[in-house]
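Lettered A, B, C and D in written order, each chain numbered from 1.
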Amino acid sequence: MSLRIIATGGTFDKHYDELTGTLGFADSHLPAALARTRMTIPVALEQLPLLDSLDMHDADRQRVLASCRAASESAIVIIHGTDTMRETAAVLGAAALGKTIVLTGAMIPYEIANSDALFNMGFAAGVAQTLAAGVYVAMNGQVFAWDNVTKNRAAGVFQPL
Amino acid sequence: MSLRIIATGGTFDKHYDELTGTLGFADSHLPAALARTRMTIPVALEQLPLLDSLDMHDADRQRVLASCRAASESAIVIIHGTDTMRETAAVLGAAALGKTIVLTGAMIPYEIANSDALFNMGFAAGVAQTLAAGVYVAMNGQVFAWDNVTKNRAAGVFQPL
Amino acid sequence: MSLRIIATGGTFDKHYDELTGTLGFADSHLPAALARTRMTIPVALEQLPLLDSLDMHDADRQRVLASCRAASESAIVIIHGTDTMRETAAVLGAAALGKTIVLTGAMIPYEIANSDALFNMGFAAGVAQTLAAGVYVAMNGQVFAWDNVTKNRAAGVFQPL
Amino acid sequence: MSLRIIATGGTFDKHYDELTGTLGFADSHLPAALARTRMTIPVALEQLPLLDSLDMHDADRQRVLASCRAASESAIVIIHGTDTMRETAAVLGAAALGKTIVLTGAMIPYEIANSDALFNMGFAAGVAQTLAAGVYVAMNGQVFAWDNVTKNRAAGVFQPL
């Protein structure tokens, strides 16, 4: 079993810029986070442009799809913003690539205290190895099929339709 | 799907005692760690005596077995020391309880920088929901059957026999 | 020797709101930060409204001045936003209260990785006990008189005029 | 004003060894901690052998003294274990070097949650710049003259004789 992790940005990878006092993107936290996991299976990290998922357009989702299609691994974790995770999942689900693709992210950035990012990455890395081929959203300890999930923004949680 | 998490101590839950300058056990980190995961499925936390797994005796393993047998959940994660994780897994495996039981732990305590604890807990919480009934060891991104795993202490990793 | 710490907000105390994905103010981090310092002298913590210092108006600075004037302690640390730290220092300096008042803050919020907040609080707590009566800005290991300091926003550092 | 920081080990710099499960010394945390402070004055970091202060012998204290004597800076912070901080302070105090020398350390290692290390380093860096020439112990927000301090090991705090 080997695993591909595709970084696309989102809250998980937000970084505090001390000069502007705002959260944006700089170098991805994924290389450090992966080292910390001490994963013993082969893991390929692929970094796409880091975006707030509200800024993702069709072309961005097509790029994610192209990466999944080109991947030699059959287990893929995508680190993604939560706001449009469902939309990207739908693009990937419709493509029916015959791989196990799991989208995850975080409610609190990796670099901020009390972040759920590392837990979610672990959860996704687990179910990506064990679920049947298909496209899933995995957030905060729960797995959803790509066509039966929505983000409840008021509560900050994912739930079935 | 609901999940039971059983805390038994181990490196995951070690705590630095500032008066003695040593690592031991105090209150479990699990309640804080669970709050941080923001898990949206029902999770029951059961705390057994917190032990270094080198200090675990048969009676301690029988207590873990009793907890697994009594659990109403069919998905169970056990937070355990790494040094004798395999021995406890063997006791549980032989009992064939018909539940999915996943033992995990950490190489670095939860409260120490660069810890793998939260990742491992996420990974275990994922595969406990998706693997067939049985007993598994899940460490650092890899799942092992209970009867085909050993800790390579020189390298600090788990591997098949 | 006893110490008063007055919280007024600023980057030091910013908090990530996971529902909106923005940095703002909630409960102050100061009570937790103070517990962590294990200070053995008497310390009084006074919490004023937590504000981004760009949102501070004259009335807010007068409130800080009133707190300093009313304080029974002769050593005072003010946790303040960096952008208008100098303006508040000028109000306090002109009042000539005969106490040692030290304004400090942070370039990175206390709850974000790699924060300088705890270092700055320690530095300010030290010089507030040792400097002569007066008003000072103390940031990133350097002490400035209230009437000879400016923030270089491009570089993110404080420097003499 | 410029500052010399001399690392000698102690709880501040303890590191968790994941292969042995024990706390010892590896690379010092000081370079990372110093980067984090964003200090704007010149700071020289000098690393001596990292020792638990209970393992310090006369020769080790003489080496610290030699470093202080050789330093071109008149403000010096020594990161030291708490158990024999007083003994090293006495050696330095007797030498009457005419510099401001401040010994500090930590009750919780820098890399462990809730550490006081960064606060103490900030506090020491402040009073080293503001106190008269002499030798001091500065721990947890309080300054002690080198000849009027003792560690209360039962309570984990420093206090006057």
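Note that contacts are C-beta pairs under 8 Å (C-beta built on N, C-alpha and C of every residue); 3 or more make two chains touch, one makes a residue touch a chain.
Worth saying up front: this structure is predicted, and the values here are computed from it rather than measured.
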Inset, instruction - Among all other chains, pick the one whose mean CA position is farthest from the mean CA position of chain B. - result: C
Inset, instruction - Have a look at A-C, A-B or B-D and name the one that copies the C-D interface, over half of its contact pairs being the same. - result: A-B
Inset, instruction - Return the distance between the CA-based centres of chain A and chain B, expressed in whole Å. - result: 25
Legend entry - Centroid spacing, where centroids are CA-atom means, of chain A and chain D in whole angstrom: 43
Legend entry - Euclidean distance of C-alpha centroids - chain B vs chain D, Å: 38
Inset, instruction - Could you check chain B for residues that touch two or more other chains and list them? - result: 107, 114, 156
Legend entry - Graph class of chain-chain contacts, one of line, ring, star, complete, other: ring
Legend entry - Contacting chain pairs - touch in the sense defined above: A-B, A-C, B-D, C-D
Legend entry - Contact footprint of chain D on chain C as seen in their complex: 1, 3, 36-41, 43, 107, 114-116, 118-127, 129-131, 138-143, 156-159
Inset, instruction - Please name which positions on chain A make contact with chain C in the complex. - result: 11, 16, 18-19, 21-23, 107-109, 111-114, 153-154, 156
